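Each structure below appears as structure tokens.
Shared between the two complexes below is subunit A, which pairs with subunit B and subunit C, respectively.
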Partner chain A sequence: MLNLVIYFPLLAAAAIWLGCRERGTLARSLTLAVICLETLILFGLAMGGNTLSLDAEWIADYGIHYHLQLDGLGLALSVLSGGLAVVAMLVGWERIDRWQAFGPLLLATLSGMVGLFAAYDLILFYVFWELMLIPMYFMLAMWGDPDSRRSATQFMLVTVTASLLMLVAIILLFIAHGVQTGIYTFDYGILKQTPLIGNTLLSKLILAGLLLGFGVKVPVFPLHFWAPLAYRKGDPSVIIMLSGAMANAGVYGLLRFTMPLMPEVTAAFAPWGMAIGAIGTLYGAAQAIRQEDLRGVIAWSSISHMNIAILALFAWQAQALHGMALQLLAHGLSVAGLFAIAALLLDRKRDGVYANVGGLYAQMPKLGMCFLFFVVATVGMPGLANFAGEALILAGAISRSILWGSVGAVTILLSVIYGVKVYGKVMLGPVNPRVPTELWDLNSREKAALTVLIIAILVIGLMPQLMIETVHLPTAELLAVNIDSLFGGVHAID
Partner chain B sequence: MPSTDFYPVIAPALTGIGGLLVLLIGVWPRLKDAALVAFYASIVLLLGAMAVLLAPHEAAGFERFISLDPVNRHGWLLFTAGGLATLLLAWRDRQLLGEVDEQFCSLVLFAVTGTYLLSAATNLLAAFIGMELTALSVMAMIAWQPQRKGAIEAAIKYAITATVSGSIMLFGIVLMYAGSGSLYLDAIPGNLGGERTNETLVIVGLAMVLVGIAFELAVAPFHCWLADVFQGSSSPVTAFIASVGKIAMLLFLLNLADQLSGLWPAIHGVIIGMVVLSVVWGNLAALRQSNLKRMLAYSSVAHFGYVLLALTAISGDADGNADLLQAAAYYGLSYAVMNMVSFAVIGLLSGINPSADLEGYRGMGRRYPLLGVALAIAVLSLAGIPPTAGFFGKLFVFTQALNQGQLGLVIIASLAAASSLFYYLRILVVFFSVPSNEVSEEADIALQGDAVVMGPTLVISLSTAAVLLIGLCAGTVLTFI
Partner chain C sequence: MTDALVTLPMMHHLLWLIPCAPLLGALLIIALDGLPTRAYGVIANLAVLVSALCVALLWLSGSWDMPVQTAYEWMHIDNWLLDVGFRVDRFTLVMASVSAWVGLLIHLFSTQYMRHDFGERRYFAYLNLFVGGMLLFITADNLILLYAGWEIMGLCSYALVSHYYTKDENVYAGRKAFVTTRIGDTALAIGIFLCFMQFQSLNLESIFQAAPQAPTGMIAAICILFMLGAFAKSAQFPLHVWLPDAMAGPSTVSALIHAATMITAGVYLIARTHVLFDLVPDVRWWVALVGAFTALYASVSAIGQNDIKRILAYSTISQIGYMFAALGVGGYSLALFHLAVHACFKALMFMSSGVIIEIYHHDHDIRNMGGLHKQQKFLSFAYLAGSLALAALPLVTASFYSKDAIIAATYTADHGAFLAGLGLLGALLTGVYSMRMYFMVFTGKARSEIHDYKMTWAMKLPLGILALGSLCLGFIQLPDSWSFGPHLLLPWLEPVLTSVALPEGHAGEMLELLGAAAAVIGILIAWPLTKAEVRSGRGVGNIGFLNKALYIDDLAKVLVIRPFLALCAVLGSVIDGLLLNGVLVAGVRRLMLNAAEVVSRGQGALVSRYVLLMVLGLMLIIGYLTVQL
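Right, the complex of A and B next:
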């Protein structure tokens, strides 16, 4: 079953690539069908609530296992990835050409993501990590704005450099663990039973490599430099996958592989991690206020929100981690909603630069309402998903560190400012004379895409307990690694 | 005691004598069918492979000249397969059309014989003979169809390189003999320390042998000839150089490192210098190329830099030698198969784009989806993207090098690998972007007869499958080498 959910999209991708050479519309329908089926299977598994697992020897000489385990958190993020892929397809339905190529790439990325969330071996994880990256590059480079090739290449170079250094760190971890215990293995299940002891130079190097590799993907504050350009230049459908689903993989990796495998050195780093998260949040929000175009605002808002997740991660405390899981889902959904709006505006030949828009609400009230909903969700309106996440995160973070928790809280205020500003510039105000009059409102396909997101945001927002239960087991398991005494000296200020 | 097992000589004898027979068939009156000759040559190669397969599995030596052990057993099979692939590719290759006759086939057989000797040599002279036999045959193959642009130039460059490297290596062998009193690899370490031996001479000799090998492997700073030779020779011959010639040399180098591990630390500095120069310079130079063959040539420089990375930690008292050598051998194997795919694709498309300029391939991946997928897998493997063979090669080499504490080198190598992705992606982007011009019907490979496409298709599909399988079943592959 696990193999099926991982490789089904990949096999379908191969079949579509070879079978639909000149038939883009057929490829499009088939891709949608495959993604829907995949998402439904994943959703069914998530509802079932069982943890699937599979373990086999892969490369014995190097202690590499073919070990898969898909628990609640992984399933939730997989379902999110599948759902976002559906949304990305629906909003790109007409705009994206050459579906016979785009469809397989999208499917391959999805395959990589599900595999990544299920991987329980570091090398296997790395395999899926790269598997999702390569098709993403092609989607970024070949679709999107005419000059997207450059930003895509920059994205690729930055992430691959970081990934390779992460691979070096993984190998070092393998060796350090082998030296410490005599067991040379990449298997996460075995590694986490004997976490790396001590705060040595070697473990610092390992942590640095992992932080780099995962942090670039999130993107964590000083490593975010590739993101604004890539988010702005890529096709919004691709960016929905990149910012909504792939960014989660970075946080997920940090959550899975740093603290449980080397608690001491991570605990020593935790205050710095919280600081980075809080500063990144603040910086992202401040940048978002300065932007002059819709996609720029969404890009920086996404960076800001992902950094709150980093703040939560390094708070390493039950409330904050639960909040983080919610935040990952909520951010994925709301940023996807915003980029979907950007995509719909692009369909109507509006690129979202403030100078070219304004007063669109009068012409497209339905689109305007949906846009408003996503803006309000992003800002953190109570009752919607983001609020539940952020409230938990901030409560947890403040209990660890009043300073950084408060900095995180301030950004909510800032997010209101940029949220209101972007909505006002695009939707309200006088009608921009450059806006052509023949704009059409949402059609049923677009309504379907946005409705999926809206319902999901509402469900998570109104019943956060449901989601917390799903992710509780894995986070509790991760927390169990944390010996509170580790934090004793570090968090004396509390 | 020298054992006189005859198993190790059967395969080289078969291919060597087979080469002569193929030449004889060519001059036989009334028999002017080149297809028949190529057929016979293939049979000879298959017989050679049979001889290797049927030989007993224990290591067996012949007169302390060559020895067939489990590692080079599989090496020999690889070379045989490579020779067969070269024949298949060359047969009806557009650049060699009508020129593949009994002499070309016999040259392939002689070159394969040379690689057998070289890779299995337990005696420095055997290695030298093998190396020269391969080099001379390959030189003639490079110049095949001399009126082709660049053919003579490439052949002369190769000839000069091979001669220079051969003489340096010979000088090194002489010094090693003078210093230790033996040409047998396994006897040299034992002889040292005795009377009338001189360890310094042996080390200088070893360094010179290493430089000779570096010339043949085209490791920086001895790589200058490679790009011109790759560009000037026809793709089947390029594939042979990359996948067979270099790997044979690599196996000899690994054998040398294994036998002389005690002396190895003395030349670590030389190797480390070569590694750094190769991975950095190879990748940076490849970034600037606009010709696919030249690009792959510089990428080859970088790849052998990664391979040598595993050899920087060999030493007499370390217990990780076997693992290091295994990682390097795995890398060599994966390099061989992924380059076979790339050059087979280049050869198949040579009717459309004879110069192999990158721009000429625009849109080819869309026009021929299967070919595009094969090339994409090969290029991603070269770039070290999992789950291909190239990724696991890098993983194993990096792991072993880190295990020996080479953190700085591994970080340099991984940064260089990251920059290499830039040009590998460029290849893929060109292959899959919108075609700029229409392919003339005459050149369209989809319209051509089976005979033209069948050989390369077979080679491409088998070696692409190998790239994936060697990666996915790396655990099994490691037990063989």
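Right, the complex of A and C next:
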């Protein structure tokens, strides 16, 4: 079963690629069918509530296992990735050309994501990580604004460098663990039984490598420099995957591989991590305020919200970590909603630059209402998903550090500034004379895509307990690494 | 009193209906597409009616001693035991009655007032959501749910203030309202998280029980944060700047914001958490100071306004200032009393002002009005009742009983003479601006064309009821020093909401007389002032310093908004522009290009080759590993 959910999209990708060379519409339909099926299977597994696992020897010489384990957290994130892929397809239905190429790439990326959420071996994880990234480069470069190639190039260079650092860190970890215990293995299950002891130079280097490798993907402040341009120039459908689903992989990696594998050095770093998260959150929000176009605002807002997750991660505390899981889902859904709106505007030949929009609500009230809903979700309105995540994170972070928790909480104010500003500039105000008069409101395909997101945001917001229970076991297991017991008061910087 | 008129054991299972009926109403209005426009108004009215009836049933069944209902588990993680739960006590019940019933009257009035207006369906959806948010805030039994209601109101204020969204200034006004109040929301949120950190609980009752054992510093921090939240939401100086601009929305929205919902939420918040504030009287005193100062400041500003709705806006800021003054000296139930009275006359005046503005063809300037009394007798009498209540005419209006008690109460605090002095001066000016407004609109000759406007019962009934309330509500609670007449409200509230002993003897009598005199003198000044203004065409509204409300808003633009935006820009240019993209990215690119030139290949091919190599490498690794397998 586990192999099926991971490789099914990949195999389908190969089949579609080979079978539909000239038939774009067929490829499109098949891709959608595959992704829907995949998502439904994953959703069913998530509802079942069981952890799936599979362990086999792979390369015994180097202690590499073919070890897969998909728990509640991984399942939740996988379902999110699948769902977002559906949304990305629906909002790119007409705009994206060459589906015979785009479809397989999307499927391959999805395969990589599900694989890495399931990987329980560091090398296996790395393989899936690359599998996720490479199709993304092509999607970024070949679809999107005419000048998107440059930002895609930058994305690739940064990503490759980061991956390399990550690989080096993984190998160093393998060696360090071997030296410490005599067991040379990449198997995560074995590694976490005997975490690295001590705050040595080597462990610091490993941590730094992992932080850089995963942090770029999140993107953690100040490793975010590639993101605004890439998010703004890429096709919104691609960016839905990149910012909504793939960014989660970075946080997921940090969550799994830092604190549990080397608690002491990570605990020593935790106060700095919280500071980075809090400052990054505010910095992202402050930059979102000064953007002059819709996609720029969403890009920075996404950076801001992912840095809250980093704040939560390094708070390493019950409420914060549960909140983080909710935040990853909520951010994925709401940022996908916003980029979906950007995509729909692009379909209507509106690029979202303030100078070219304004007063669109009069022509498209339904689209406007959906837009407002996603804005309101993003700013953390209670009853919607993001609030559940952020409230838990901030409560947990403040319990850990009043200073950084409070600094992070200022995002409550800043988010609303850019949120209502971008909504007002695009949808409200006098009708911009440059706007054509025959814009159509949502059609049924677009309604379907947005409704999926809206319902998901409402359900998680009103009944977060469902999600909390799904992710509770893995989170509790992670929390077994008790930061309080390490280094007495290292984390207490306030 | 405690004997139930009807026994309804079911009532505590229906608490959820009080906030949720309007929330569901809003959902229905959004979800049901294609109904005739009138139907949305009907749905909205029915939804609030359900809430109002539930509140009435609570009164009838006498269940005001803490019925609690837990609807479901919201988020449970370790000690974070958060439920969607509701709770009602005597204080809540009074507050919920004000919100639900005044809200219902405003809904009823809106059905005619907004007909053939603009965006009716959207209007009613938000109106319902607004009342629902307030009732959620009032009945919540934990801090997070309370915060949820508080935030929903912020959103609704945004949407309704910018209801006429085709004008940029209206959109800006809505944004300003949302953002300014969010400053307070942020403070409140941090306060709530500190509460959780300290008490490991979010439930109001358990926090109140544990509070006396908590360190004073922490309680003080929490109270200061709550106080900031309340100031922003209730438009107290200097966070009041959003309220005058919020007049951009329909007048009925102003009525709702000022009387039944949002603005009063700050007062409710502090009264609700008064157990904490009682532990730190020093912090609480600042509430009184800001309140008393705001009462005076806003009445000074109100005198200089010519826009009828802006006069009313400043009058609200001022009246809420009195309530905060009462809270700050520990007179919680006095604040609640004045809140209820204020809700009556302010809803009345705002709804009437909407009609007045329509009659004068959407001109807000009172200098262009006049002579309306002859045309609209009913409106005139209703507005007179409201204006006199605002001015607190002694004996016959309700706010004489509620406001003068507050002024007397402030006298008992530290520096009480100073606080009471601010209050008295404010009361004097209130008489002036309130009656200037009335005289300018209704007396004399018409200074511009008066359009016909026929009010139906759906408009007259709410105005009539509110006018009656503005005059008579005070009679339920005559001053303590009067041995005769009813003293119903404050003693009944005593178990949950206390007050302070008012000054007795000469000081008390003196304050009573001064308060009454201030109102009367103010009203008497207004008449010659108005006559002179009409005759000469120039008056207090021409004084720029007053008209601009002491330039506080402009000062905020220069001192806060511009530096903040500049800071964002500088940070962005330095960190992203210069350091990351300038030095790092450009440097790396130069290195790469040089390297590429060395190999003497085109730069465009670089990445493709890179990726190709990576794919190949990956395939090799996988292939190798598979072979090994």
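We take it that the second predicted complex is superposed on the first by the 488 of 494 C-alpha atoms of A that agree within 3 Å, B and C clash if a C-alpha of one lies under 4 Å from a C-alpha of the other, contacts with A are read in each partner's own complex, and residues count from 1 in each chain.
The rule is short, and it goes like this: a residue touches a chain if its C-beta (ideal position, glycine included) is under 8 Å from a C-beta of that chain, and two chains touch if they have at least 3 such contacts.
Bear in mind that the values here come from a model prediction, so they are computed numbers and not experimental data.
In the overlay built on the shared chain, the residue A:Ala208 is in contact with neither subunit B nor subunit C. Applying the stated contact rule after C-alpha superposition, one finds that A:Ala101 touches subunit B and leaves subunit C untouched.
By the document's definition of touching, of the two partners only subunit B reaches A:Leu167; subunit C does not. Looking at the shared chain after the overlay, A:Leu392 reaches subunit C, while subunit B stays out of its contact range.
In the superposed model, more residues of subunit A are touched by C than by the other of subunit B and subunit C. In the superposed model, A:Val127 lies in contact with both subunit B and subunit C. Shared-chain residue A:Tyr361: touches subunit C; no touch with subunit B.
In the overlay built on the shared chain, the residue A:Pro464 is in contact with subunit C alone; subunit B does not reach it. After overlaying the two complexes on the shared chain, residue contacts for A:Asp61 are found with subunit B and with subunit C alike.
In the superposed model, A:Thr153 makes contact with both subunit B and subunit C. When the two complexes are laid over each other on chain A, subunit A has residues 58-59, 61, 64, 127, 130-131, 134, 137, 153, 156-157, 160 in contact with both subunit B and subunit C. Interface residues of subunit C facing subunit A in the complex, by the touch rule stated above, are 30, 72-78, 80, 122, 144, 147-148, 151-152, 155, 158-159, 162, 165-168, 171-172, 174-175, 178-179, 182-183, 185-186, 189-190, 192-194, 196-197, 565, 567-569, 571-572, 575-576, 579-581, 584-585, 588, 592, 607, 610-611, 614-615, 618, 621-622, 625, 628-629.
Listed in rising order, the residues of subunit B touching subunit A in the complex are 323, 326, 366, 369-370, 373, 380, 385-387, 391-392, 395-396, 398-399, 402-403, 407, 410-411, 414-415, 417-419, 421-422, 425, 428-429, 432-433, 474-475, 478-479. Remark: subunit A residues 17-18, 21, 57-62, 64, 101, 123, 126-127, 130-131, 134, 137-138, 141-142, 149, 153, 156-157, 160-161, 163-165, 167-168, 171-172, 174-175, 205 touch subunit B in the complex. Contact residues on subunit A toward subunit C in their complex (touch as defined above): 58-59, 61, 64, 66, 127, 130-131, 134, 137, 153-154, 156-157, 160, 222, 225-226, 228, 283, 286-287, 289-290, 318-319, 322, 359, 361-362, 365, 369, 372, 376, 380-383, 387-388, 391-392, 394-395, 398-399, 402, 405-406, 409-410, 412-413, 416-417, 420-421, 424, 427-431, 463-465, 468.
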